[in-house]
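Okay, so chain A shows up in both of these, paired with chain B first and chain C after.
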Partner chain A sequence: MDFISAFMVNSTVQAITPILLAALAGSLCARVGVFNIAMEGQLLIGAFCAVAGSHYTGSAAVGVAAALVGTVVFSLILAYGATVFRGDAVVICIGMNLLASGLTAYLLRQLFGVSGVFSDPNIAELAKIRIASIQSIPWLGWIVSRQTVLTYLSWALTALVAYVLYRTPMGLRLRGVGEDPEAAGTMGIDVRRYRVVTVLAAGALTGLGGAQLSLGTVGIFSEDMSAGRGWIAVVAVMLGRDNPLLAALACVLFGIADALSVKLQAQGLPNQLTDIVPYVVTLAALVISYRRKRGTRLA
Partner chain B sequence: MQMVELETAGIVKRFGTLVANDGIDLSVARGEVHAVMGENGAGKSTLMSILYGMQAPDEGSILLRGQEVRFRSAVDAIDHGMGMVHQAFKLFNSLTVWENVVYGREPRRGPALDRRAAIAQVGALAERFRLSVDPTARVGDLSVGVRQRVEILKALYRDARILILDEPTAVLTPQERDGLFDVIRTLKADQRTILFVTHKLHEVMAITDSVTVLRQGRVTERMATRDTTPAEIIRAMTGRVVNLTVDRKPATPGAAVLDVQGLTVGTGAKPVVDKLSFRLHAGEIVGIAGVAGNGQTELIEALTGLRRPDGGRVTLSGRDVTEADVEAHRAAGLAYVPEDRAVTGTARAASAADNLLMGYQRKAPFTEGLRLNAKAVAEHARRLIGRFGVKIADETVLVGTLSGGNLQKVVIARELTHQAPLLIAEQPTRGVDVGAIEFIHAELVAERDRGRAILLVSAELSEILALSDRILVMYEGRILADLPAGAADEDRLGLLMAGRTGQAA
Partner chain C sequence: MTPRPSRLPALSLPAVPLAILIGVVLGGLLVLVSGGNPLDAYWRILVGSLAPANWPDTLNWAVPLVGMTIAAAIPLRGGMVNLGGDGQLAIGGFVAAVLPVMLPQILPEAIALPGPVLAALAILAAMLASGLYAALAALGEVRFGIPMLISSLLLSYPAIGVTSYFVGFPLRDTTTGLSQTAMIPEGARLMTISGPLNIGLLMIVAVAALVLYVDRRTVGGYELRMRGLNPRFTAYGGVKPGPQMLRTLFASGAIAGLVGAIIVLGSLYRFQDGALLSPGYTWSGLMAALLAGGEPLGAITAGLFFAALQTGGFAMQRETEIPRVLTMILQAIIILFLAMRHGVGRRG
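Now for the complex of A and B:
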C-alpha cells in the first residue's frame, strides 16, 4: 500500500517536533497552575533567534543555543508577570504573542534589512542524522533515521518530562503546586519559585521547538512562521489534560491529520477543503473529550 | 505533676481596632487532651493559627517544653513538632493518600521518588495510630472522615508532638467522630499532646482532660474536665445560663407545602435516591436522619434545583418544580441554608451587607428603578447583624474575615428572614456556639409556629430529636421509617439508620 509515502512519514515526524516541544512546555506550565498560551510567540522568538545565531556564526549549534537563551529570556515576562506581579496569565500570554510577532518582524528589518522572508546561504541548517543500521529498513528507516537531533531530543524530553512529573519528588511537588497552591505552601513549598523555574524550563522547550522550525528543514525565517503551531500545542495540552504523554499522542494525531490533508490535496481535492482536515480532527477530539468529562451536576 | 509541653504568655493579636486575642496565657501538659472553648469570635482559631506559625502575635511569647520559640511560618512550626488539622482540609484531591502524606518530605531512591517505601511508611503509621486508610486510594474519592485521617497522618508523618484540631468533629458523622476519638486516645497513649477546639460540650466531657475557656479574646476559666460540668463551662463562655432544651408546643400542621412523589436521582439498579415520596406541611419541622452517604445530599440538591432529578415529581406550593432551576425554586417559595457556608452559602469577598441582601436585591425597598438603595441595604444588614448577634465591626466588612460560627449566622439570618413557605436547613448550627444554637433553635421553632414548613438535615441526632415533629430515616436512598417525634429516641434511630427495621417495631 502506498497511500502515504515513506518520505511523507519522515516529514510528518519532523513537522511534529515543534508542536510536541510546545505541548510539553504547555503541559508543564499547566501542572504548576500557569495557563500558558504564549507558545505561538515563544516558538516564533525561538525560530528567529536560531536563524540569527546560525547566520552570524555559521553554526547550527550556536543557532540552537541562541534560541534557548532568547526564548528563556522572553519567557521571563510570563514567569514573573504571572507570579511576582500577580498578572493574569492569559492576558500576559496574549501580549507576548503580539510582542513576538511585532518584535521579530521589526528585528528582521533592522538586522537583516528584509521583510517577509529571510533566507541566506550563511544560515547553517540542522544536520539530518542517519543511523546506518536502521536507515535501510523500509519505513522504519524513514521514521527513525534522517531526522534532526532536535527531533530525537524532543522524544527523549517527552519521556524525561513524564518521568520527572510522575516519578520524582520534584514532579510530585509540581503537581501539588498546580492543584492547590495554598496547600502546597502550607507544606513548605515555595510556590512562586516552582512556578518561575517551570515557566522558564518551558521557555527552553519552546526555544528548541522554534529552532527546529527555522533550522530543521531549510534554514529560513519568515514572519509569523509559527503559523498556528503554538495554538495547536495549546489544544494538545487541553486534550491531554496536562498529561505530557497524552499531549504527545495528540500531537501525533495532528501530524497524521496534517499529512492526510496534504495527501488528499495531491489526490486532486481542492486545498480549501483539505486544509480544514487538521482542524476538523481537533474539534472532533475536543468534543469527544468534553463529552467524557461532563458530569451530571448542574451548579 | 506532669511536664508542661506548651505554654503561652500574654499573646495579643489585633486586627485593626478589633482585639482577637487579648493577653492569652495557656498551659498544656504533655500527653493531655486540652479543650479550647468559647463563643463564636472569641479568638480560638486566631490563637491556634498563632501556635501553628500562620500568624505572628503582636505581643506575647510561646514556650515549647520550657524553651521560648518564635515561628516564622507554619513550616517552622512543623519543624518544632507542631501539627494542625484545619477545618477546611488542605489536601490534593487528585493525588493519592501516600502522595499527600509524604508531599514535601519524600523518601527517595536515587533521583526518583521511592514509591514503595512511601506506601510502606504511610501504611505503618496508619496502623500504629489506628487510622484506617488505604495509602493508595485517591483522596478525592474519600469521605470527609477519612480525609481528616489523612490530615492527621500528614502531621504524624512529620512527627508532630502537639496536634491542633480546630473543630474537627463539625464535619463528621457520629460514627466517624467515635473513630476520631479512638485515634485521639491512641495518640495520648503515645504521649502526644492534643489541642481540641470544639463547641460540643459532650465531646469535651468525653475526651478531654482539661479546658481553657476564652471570652472576647481573654481566658475566663481554666479547669480540669473531671472537676467541672457542662453548665459551668457554658457560664464561663457566655456569662449566663443557657437553656439546652428546646421549648416547643406540639405542631399544628396545615396544608402540604412540599409534595415529593417517586423522586429518583441516579440511574441503574440502585439509584442514589430511590423512588422517594413524602409530604411536608405548613407549620411542621421534618427532620431527615441517616448516616452520611445514604442519598441525603442528592435529595437536597434535587429539592433545591441544584441537580435535575432522573425521575419523579416535586411540587412546591402547588407548582411543579421538578425541572426548575434554583432561581425558579426560590421564586416558588424556597429558602435554603446550605451545608457549606463558605463555598455555597456566602460570597467571601463581598461585604456582610451584600451577603445579607442576596435574594432580596430585586425587591422593594432595596431597589429603586435600576439602582440599589444603599441606605435601605445597610439598615437591613444592621438589623440582622443585631438580631442574630453576628460579631462583626460593621456591615461593610468582608465576610471572608469572619470566624466560622459568625459566617454561619450570616447565612441563617438571611435565609430565615426570607418569608418563604419552605425552609430547607442543612446543618443549621454547624460550628456555632451553644448560645447561638439556643437562639437558632428558638428561631426555627418560631418560624414553624408562624406556619412555615421546615425540612431539617443534621448530622447531630440530638438536634433532629430536639426540633423535629416528624423524623424520616433515610437508608440507601429510601425512606426506611417515618416516625412521629414522640416515637423516636437515639437508640431507635441508630438502629434504623443502620438499616435494621425488625428490632425497631
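Now for the complex of A and C:
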C-alpha cells in the first residue's frame, strides 16, 4: 500500500491536469474534423505567457489570463490556417510546435535575459485550495483538497465538454461538422465558423494547461517544458476515440504511469530509464487498444 | 481518423521566395520589437554563412542537416511522416560509437580489424539498427493500424532514454566526468578533407545522388511518388501498401542512422549524451523536407538553405547578441506560410 501514498496521488492528480486539458482540446478539435497535433506547442506558449504575466504583475490570476490570451492568439494560426487558408493541419501543427519552441526560447533570452530555466521570486504561483470539510477525511482529503483551482476546473471542464458534445444542440451540430461537413453545411451550419471557434476554444483549454504546468507547482519556466505532454494528449485523444470522457480515462492511466516512474526513481533506478516509463505505457496502451479494435472489426 | 497529410505543398517557385520574404519581415519585426537592429542581424547571417571563408563551416553544418532532410523527405514523398528522427539519430550514433570500441575487445587477438573496416562496419550497423527501429513504427501501422505519425514520435523517447542510460552507466568513460563513451580508436575515425570537413560530406552527397536516382529513374521511386499522390490507386495498381511502408521507413531510418554515425565517427569521436539531438537537425530537416513537399532535389536545396541560415545564426549571436533561435522562428514562419499559401492558391 506504500505505493498509493496519499501525497503521491495528490501530485499525480496535479501532473495529470495539463495533459487532461490538452486532451480535451484535442478531442474537441477532432470532433470538428481538425486534426490538432499542436498541443505540445500550445502548452508551451501557455506556460510561457503564464510565467510572464505572473512575473510582471505578481498575480497568478493575471498569469492565467495571459496564458489564455496568448494561446488563443497562437491558435489563430491553426484555426484560420486549416480552414480559411485550407492548409494541411499536420504541416501547420508541426510548424506551430517549432514556432512555439523557438519563440519562447527567443523571448526568454530577450525579455528575461536567461536561457534554459527562468525562476524568480516575483512569479506568483497558483494557490493550493484547501477545502476544510474534505480535508479532514483521512486519505481522500489529501488527494481532493490541496489542488490548484485549475485542477478542479479541468475536471469540471471535462464534464462540461462531454455534456455540450452529447447533450446540447450545439454539440450535435459540432459533431456533425466533423462527421460530414457537407451534410452539416446543407443543414445551414456554418462549418468554417464552427471549426474556427472550436479550435480557438481548444486553444484556451491548452492555455489553462500551460498555466498549470508553469504555475501549478513552483513558478518556473524552462525551455521545452511541455516535454512531450502535448503528444501524450494526442495519444489520449486517439485512445479515447475522440470521446472526452474516455480521453480523460486515458490521461488517468498516464498519470499512474508517471507516478510509477517517480516511484521507481525513488527506488534508486536511474532517471534515464524511469523517464521513459510513461512513453512505454503509452505505446503499450496504443498496441492493446488498436489490436482490440482490429479484432472487433474482423469479427 | 487517419492523420495523413492529404496533399503536401509542392515546391512552386513564386510561393517559396514569398514565404521567405514574409518570414524575414516578421522575424525582423520581432528583432525590432525586442530592441535589436534587424538589418544588422540579417547582414551578420549573410556574411556568417556565405562569405567564402565561412563555407567550410556552413557545409559542415549542412552534412547532418541535409542528411536528416533526406531522411524526412523519403517517407514524405509517399505521403507518410516519420517524426522519430531524434530516436533514430540517437540509435545510429550510439551503435557507431560503441561498435568500434567493443568489437576489437570481443574478437580474438589474431583478428585485428583495420580501422577503415571498423568504421565501415560501424556505419552499416548503425544504419541497420536505426532502419529497423524506424520500421517498427511502420509495423505498428501495418499490423495494428496505429497511426505511424504518433508512434514514430513516441518511439523516440525510449530510444533516447535507453542510449542515455547506457552512456551514463554501463558504457560510461569513467576517466572523464561527463556522460560519454570511450573514444573511438583513431584508425576508425572518418578521414578529414580539410578543416572541419570529413568524408561524411561525400557520403551524404552519394546518398543524395542515390535518392535522386531512385526517385527519378526506378520503379520503386515511381511507386512511392504515386502513393504520395493517391495511395488507393497505387494499391489498386498492385503495390502492396504494407511492405512498401516498411521499406520506406527502413530507408528513412537507415539514413538517420548514417547521419548519427557520421557525426560520431567524423567529429565527436564518441557518443555524448544529448550531443546529437541538441542542434535540432531532425526538426530542421523535417521542415526543409516539408518545404519541398518531399521532392528530393527541392528538399536538399531547402536543407542547404536552412544550414546556411543556422550557420549565419551563430555569427549573428556572436556579433549582435540576438539569440540564434531566431533562425528557428524564421524556418517555422516560412513553413506555416507555405502551408497556407498553398491552400489559397488551390482555390484560385
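Heads up, the rule we're going with is that the second predicted complex is superposed on the first by the 291 of 299 C-alpha atoms of A that agree within 3 Å, B and C clash if a C-alpha of one lies under 4 Å from a C-alpha of the other, contacts with A are read in each partner's own complex, and residues count from 1 in each chain.
One rule holds for everything that comes next: a contact is a pair of C-beta atoms (placed from the backbone, for glycine too) under 8 Å apart; a residue touches a chain by one contact, two chains touch by 3 or more.
Predicted model only: the values in this text are computed from it and were never measured.
Engineer: Based on the superposed arrangement around chain A, label chain B with chain C as either clash or fit.
Structural biologist: fit
Engineer: State whether chain B or chain C is in contact with more residues of chain A in the superposed arrangement.
Structural biologist: C
Engineer: Using the superposition on chain A described above, determine whether A:Gly116 touches chain B (first), chain C (second), both, or neither.
Structural biologist: So A:Gly116 meets neither chain B nor chain C here.
Engineer: Considering only C-alpha centres, what angle arises at chain A between the directions to chain B and chain C, nearest 10 degrees?
Structural biologist: 80
Engineer: What is the contact status of A:Ile77 with respect to chain B (first) and chain C (second): first, second, both, or neither?
Structural biologist: In the superposition, A:Ile77 contacts chain C only.
Engineer: Could you say whether A:Arg175 touches chain B, chain C, both of them, or neither, answering first, second, both or neither?
Structural biologist: First partner only, chain B.
Engineer: Where does A:Arg167 make contact in the superposed view: on chain B (first), on chain C (second), on both, or on neither?
Structural biologist: It touches chain B, and chain C stays clear.
Engineer: First (chain B), second (chain C), both or neither: which does A:Gln272 touch?
Structural biologist: The answer is second: A:Gln272 touches chain C but not chain B.
Engineer: In the overlaid three-chain picture, which partner chain does A:Thr186 touch, first (chain B) or second (chain C), both, or neither?
Structural biologist: So A:Thr186 only meets chain B here.
Engineer: Just the number, please: smallest Cα separation between chain B and chain C in the overlaid arrangement, in Å.
Structural biologist: Least C-alpha distance after superposition: 5 Å.
Engineer: Per the contact definition, I'd like the list of chain C residues that touch chain A in the complex.
Structural biologist: Residues in contact with chain A: 1, 3-9, 30, 34-35, 81, 83, 140, 144-147, 149-151, 153-155, 157-158, 161-162, 164-165, 168-169, 283, 286-287, 290, 323, 325-326, 328-329, 331-333, 335-336, 339-344, 346-347.
Engineer: Going by the contact rule at the top, pick out the chain B residues touching chain A in the complex.
Structural biologist: The contact residues of chain B facing chain A are 73-75, 78, 90-95, 99, 102-104, 106, 108, 111-113, 154, 301, 306-308, 325-326.
Engineer: Could you please specify the touching residues of chain A with respect to chain B in the complex?
Structural biologist: Within the complex, chain A touches chain B at residues 167-169, 171-173, 175-176, 179-180, 182-184, 186-189, 296-299.
Engineer: Tell me, which parts of chain A touch chain C in their complex?
Structural biologist: Contacts found on chain A: 30, 35, 37, 77, 80-81, 85-88, 90-92, 94-96, 98-99, 101-103, 105-107, 109-111, 115, 228, 231, 234-235, 238, 242, 270, 272-273, 275-276, 279-280, 282-283, 286-287, 290-291, 293-294.
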